[in-house]
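Two complexes are shown next, each including chain A; its partner changes from chain B in the first to chain C in the second.
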Partner chain A sequence: MTEPFSTPLLLIGILGTAGAALPLLGIARRDRGSHLYAAIALGALAASLALVGYQVISGVAGPPAALPDGVLADDAFGAVLAAAMIIVALISTAGSIEYMRKRSAPAVYYSLILLATVGMVLVVYSADLVMLFVAWELMSIPTYVLVGFNKRNPGSNEAALKYFLFGALASAVIVYAISLAYGLTGSTNIGEVVAGFAALDISMVPLALLSVGLFIAGFGFKMGLVPFHQWLPDAYEGAPAPVAALLAAATKKAGFAAAIRVVVMGMISLSVDWTLALGVLAVMTMTVGNVAAIMQRSVSRMLAYSSIGHAGYILVGLAVAPHSQLGMQGAIYHIFNHAVMKGAAFVAVAGMVVALAATHMDKLAGLGRKMPVTSLGFVLSLFALAGIPPLSGFWSKLVLFEGAIDAGSSLWWAPWLAIAGVLNSALSLAYYGWITRRMYFEGEREKRIAEPRSIAAVMIAASVFLVAFGIYPEPLLGLASSAAPLIP
Partner chain B sequence: MATEAIGGDPALAWLVWVLPFAGALVIPAVARLRGSPAGYAAVGVALASALCAASLLPGALGGAEVHHQVSWIAAVGLDAGVLADPLSVIMANVVAWISLLIVIYSTGYMRGERDYVRFWFWMLFFIGSMQLIVLSDNLLQVFFGWEGVGLASYGLISFWYRDKKKDHVGTEGRTVLGMLDYYSPTHAGMKAFVMTKIGDIMMLAGMFLIFAYAGTFGFRELVAETAWAAEMSAAGLLVPAFVLLFGGAVGKSAQFPLNEWLLEAMTGPTAVSALIHAATMVKAGVFLVARIGPIVFALGAAGLLADQFFEIVAWTGAITALLLATQGMVNREIKKVLAYSTGSQIGYMMMALGVAGLSHQYADGYTAGFFHLVSHAMFKASLFMAAGSLLHVVGSRFMDQMGGLRDRMRKTHAFMWAAGLGLMGAPFITTGFWSKDAIFAAVYESGGWWATPLFAIAVLTAVITAFYTMRMIGMVFYGPKSAHAQEADKAGLLHEAPLSMWAPYGILAVLTIGIGIIGLSAEEGLHHLFDEYLVHTFGIHSAHGEPSGLPGFLSALNPAALGASLVAFGAGAGLGYIFYVARWADPARVVGSNPLFRGVHALFLNRWYINAAIYWCFVAAPLWVSRAVYRYFERTAVDHGMNIGLERAAGWGARVVQGTQTGVSQSYLFVFGAGILFVVMVLVI
Partner chain C sequence: MAAELVDFALVSVALLGIGIYGLAVKRNFIRMLFAVEIVINAANLNLVAFARFIPDSGGQTLALFSIAIAAAEVAVGLSLIIVAYRMYQNVDVADFRSLRG
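Up next, the complex of A and B:
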């Protein structure tokens, strides 16, 4: 059972209190100036990060259990992923400071980010399906509002509506999957469900498979897996750019965390050959994401497709998980890296929105001279996304694909996943390279313009992260391997 | 983390190479401060790095070793580490202190130059990379430094990328076999980069070959356990792997047949020539051979003979030494003479390290080669910096546009004599004499069929060396002033360089003589140190030579080697004196007197036609092929076939995906539902 002072509860305390207090403060102050709210949100997030970081680094968080009992599992898996979520929330909050300066209701905005973060954190710590569902909704509902936060902007409204529609459908699918699982096993604890699946009568197995399939579909919606991805580019494009960062880099990853906890474990117990299903989804997802990204003219839409592509890479790790320990490690490692890379890339877009009021490709010409810091951080994140050494993204892709090759000893087609991944990475360079060319090799003698400071700071921090952990990847690799649950 | 810290703090060893890198990163920021303090910051960084290196000296001279590793990429079992043993610590100090002097010199030499920041960035980046090579404990990390110095070298050779006429090397319009012998800085930079890259690729191949068998890149790990070598030997790969590694050294140290880049590298600022293309980077190859040589030799003791490796090293060195020395005799450009001389002297070092492995007294040749490396670093850096002063003052790179400068530049004159005597190997008072004599002795005593021809080549090269050095000094400082020099004199340009420039080369020139006077005991000390080091680390015991019959302090010397040294110096320097200092005879008339001399002169001046042949085979011929491919394949098959096809395919794919992205929620929901069915079906099937 969960102890009163376990990490997830403390995090709820910190983030939830701040999240609840902000709107009240906003009413009391009548929305004078948005910096105070941002500062409070940043403070709460930094405190949470410090708490989780301490857990991770000191090793207080216990080793991840494959099948934890209780409602919340206070383990290293949760801690590492929670750290990733909180980092994204930090990036996106910091990136919002300039963005929100001129907009209404900043207190509510920051409060919603904090509440969504609470939801994400709880998702990754959940060990019970009901808890997971509650956390899932806690994560989703604030983001529906956030996507539609520019309420006078029809694009933003449409995005929010689509996102909500699909979110509701996905939630319904998940609830149905939970009800099937409960009906079959009489429990909502993930560990007991999995154990129950394993002991299932043969005639009941198809129902269990249906339940797992529905879980995949429900979580796949958040993860952006093809064919559950179509809402995603529309929503990311319409959402305020810092919110897109939160969606692409964090809530998407919460979907993966849930999938690891539920789907992977559940399917292992059912001992069906599900690697093929996930493998097919992985290749479809990465190919569709990258091919579609090539032709995009809007940077945020392109990044949205790129994040679909990355969901495909991560799924490779889940697909080969039963055959290679590296699969899970690579997935967690890439989730962590992607959080920073994609978060920084979207915040760079936020910078463009603030400074140029545009996200169209053609506006990028000469950006390298106009906004040198933002551009450098942007290019570094793009190159890291493409997996160019020695940036951090290279190593996580390496581990993922190494896992696929490693699994080749027991699964003949697994190495083809790695080949598909490498080909897709090469394909992705086409559009990352295009952006880079626009920014640095086109445009007349542009004058430098003022860059939003907090966004530049995020860019610098992300660049340092990507380069430093690219040259010295050991700490992150260590984290990923300590967080990966051992497959029984 | 494994720490084995006897005799020094590992943090200091790390700092030796980390500091310059950090310095390189902050230099652009520092340069923005008022009063352009970039130069002083660079001096500060170089000094700090040098002090860290010096702090390692006491331990290393006591025979202790600092070996410190941190886990780098555990997933593939890679560690990063520093290895400060006597070899690397002495080398690190040579690099650090000479770099410091050259950095100080550069503050004067580069004053008023555009792109000051770029210069300092590359200089510090270079020092960091070089120290990374020196202090690494494994081949992979060495390779990182190796590429770093290559990159810095490229950046600095092409530093004057505007390709002004004065920054070229060679004589404008001159061709050899139809190939232009006149190079711009940007061309020279590329040439250096490409040529050394050939060596680098060989090195990479050798490295990974060894890794494939040994599962480690670590120098100490390779010695600790030698089953890998037995396996490689059985597969016939042991010698090839080490020869491939040596290929890297050949490229970096400008040895035959990858020697031609070094001459064009003289397009860089002279401070760069001194630092990179004389004193340090080109020594990286020698250092690498000194690093892996004992490993190979120790394997020999375990019954895995790899004599061919040492034979290849020795002969490569010998051929280079002679080949480049002959060309140094006839060139008109002062920096190119020094460059030829550098390649030639490095040939000596390689020769020594090679014969060491072929004899029973490994420590003799090993010490001789390394000692020559140290002494050469001092006098060659000094000569280069002095040449830089001359260029600065006279405004020409051609020696026949100088002449008679001794009364205008007294200090430079004196220092160039001192350092030049070192290069010539003036008996008993210069480091160059002792180190060269040690090489002679090592070659002579090595025994075997190769000893005699190698010895002959070594002595002949020494004669030539003394000759061209004397020629250089004579042409620059003696005789009447050339027309160009007179003009410069009238304009009041002929004067001594500023203190920040002459002091560094003065210090090194004085050291050449100062250490030369105690040279014999310095060498014996080094010999003793290396003897212990080789026994301790590699288990290599060297037989001790019998005392020769010579009297007094000479008793440790080999009489034949000593005699040869004296004769070579006398003959070479004497001839040089007659023609160029005293000017009793006109060299042009002697060369023109008969067809044989004319032919030999042309051969030497045209670089033995090797450079032209390389350009025909590797530049001209591939260009023909590429034009043919362009016309008959690319314009047709690729441009009209593949490109359009691929483009259409990608465009079609993207349109298909976009077509599904209708923006209509109903259709999305339909796809979502179909997706659920699809997943469940895949699962059930």
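Up next, the complex of A and C:
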């Protein structure tokens, strides 16, 4: 039974109240002055981050059980990933302040971000399939609206329609998977479902495999795994840039959290050789993402493909999870890092949209002199995404690939995943380096222009995070290893 | 003769197939939305049938949740379609091609 004052419930209280109050306040004040709404949203998010941070640091959050009972599991796995989600929501809200200044309905906008955050936090904590599904929808429905928020812009509308169609199909597939799992085991608790799968009659195993496959497909839509990724670049390009940060860095990671809770555990209990399937998916995802990213001319589209590539790296961790404890740790560590890196990169794009009204590569020439702070943060996050030491992205990739090599003692092909990952990182360096060259070594005598202040603040905070945890990675590594559920 | 569990499962699988077919073939956005709804209802039928045969009330609870959430989802989808219709005077997905690359 969930305690009345457990972390997830308190988080619902804080974020949900602020999210519900904002539109009412907006009606009362006739939407004047968007800064107040942003301040309220930031306050609620900061309070929840402080709460989760306290839970993590003080060790109140219990160690993660592989198969928790109850509806919501108040454990370290949930707390660490919830912290990542809330950090992204903070980044995205702060990045929206200048972006939303001249646009309509700011109160609704911030309220939707908060409600989507409640959904993501609940996805991460949920230990029951009903809860997982409701939280999944609470996370998805606000983001459909957010993607189409610039409703006079055809691109934004088209992005929202595509995202909506694929998202709705993904939820439908997830309900179908839940219905099969429920029919086979008679329970919706994830732990009981997994135990039921393990005790299944041999004639029913194909149905259980179908259920797990549908789960992978449903979560894979959000994660951007390769056969299900077509909507993703369109949605990220058309969406308002701060919303793209939220999608790429947070909702995608919520998909991974759900996959860890359901798929990895379910697959282990079925004792079928499934790691090869996930490994092949991982290699396909990272290769398609990185190769397509090279060909893009729009910065947000390139970042979208690069986030597909990163989904592939994280999937390596899930694929080797049963054979090496490092796999799960690396996945959680990389989820956390990628949240900050990709969030910061998309907020930098938001800065370009505000200051230059463009995201095309050609407009980047001389940006290093025009907007020095934004450019520096952007370049640091790009290099962290590529995994260059001593930035924090390097360490999480190192742990992931170490896990793959570590699993090599029982899986002969696992080290190849690490090799594919390293080759892909090298490939990604090509387009990150190309952007950097444009920003710093092209363009003639550009004058410095006014940088959006809140965006510059986000970039500074993100740069400090990336450099500090790159030089001193132990705290994050410790968090990731304390959050990784032990595989039975 | 009372319907067996297998009958419900067959209808549900047929609905799933119709939904996937609709999504793959149709190019009208509203039809595609209907196709997704059919898939959701296939799952709901499964849930209720399994709940009846296990017997356990959990599945029916989830089916109710799922119906309510699907309604919320359709509301958002239709409002997006209305915005698109005002812009293009059409809801054919083949017309949406401003994002490419």
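Quick note on the criterion: the second predicted complex is superposed on the first by the 488 of 488 C-alpha atoms of A that agree within 3 Å, B and C clash if a C-alpha of one lies under 4 Å from a C-alpha of the other, contacts with A are read in each partner's own complex, and residues count from 1 in each chain.
Criterion: a residue touches a chain if its C-beta (ideal position, glycine included) is under 8 Å from a C-beta of that chain, and two chains touch if they have at least 3 such contacts.
Keep in mind it's a predicted model, so treat the numbers as computed, not measured.
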(request) Classify the contacts of A:Ala172 with the two partner chains as first (chain B alone), second (chain C alone), both, or neither. (result) second
(message) Quick check for you: in the superposed arrangement, does A:Tyr472 touch first (chain B), second (chain C), both or neither?
(response) first
(request) Go through the superposed model and pick first if A:Pro206 touches only chain B, second if only chain C, both, or neither. (result) first
(message) So in the superposed three-chain picture, is A:Trp274 touching just chain B, just chain C, both, or none of them (first/second/both/neither)?
(response) first
(message) In the overlaid three-chain picture, which partner chain does A:Tyr440 touch, first (chain B) or second (chain C), both, or neither?
(response) neither
(message) Quick one: is A:Pro233 in contact with chain B, with chain C, with both, or with neither? Answer first, second, both or neither.
(response) both
(request) Name the contact category of A:Lys162: first (chain B only), second (chain C only), both, or neither. (result) both
(message) Per the definitions at the top, what is the overlap between the chain A residues touching chain B and those touching chain C?
(response) 161-162, 165, 169, 173, 233-234, 295
(request) Flag every residue of chain C that touches chain A in the complex, lowest number first. (result) 12, 16, 19, 23, 29, 32-33, 36-37, 39-40, 42-44, 46-47, 49-51, 54, 56, 58-59, 61-62, 65-66, 69, 72-73, 76-77, 80-81, 83-84, 87-88, 93, 96, 98-99, 101
(message) Using the touch definition from the top, list the residues of chain B that touch chain A in their complex.
(response) 71-75, 650-651, 653-655, 657-658, 660-661, 663, 665, 668-669, 671-672, 674-676, 678-680, 682-684
(message) Applying the document's contact rule, which stretches of chain A touch chain C when the two form their complex?
(response) 129-130, 133-134, 137, 140-141, 144-145, 148, 151, 154-155, 157-162, 164-165, 168-169, 171-173, 175-176, 178-180, 182-183, 186-188, 233-234, 237-238, 295-298, 301
(request) Flag every residue of chain A that touches chain B in the complex, lowest number first. (result) 161-162, 165-166, 169, 173, 206, 209-210, 212-214, 216-217, 220-221, 226-228, 230-231, 233-234, 272, 274, 276-277, 280-281, 288, 291-292, 294-295, 395, 398-399, 402, 472-474, 477-478
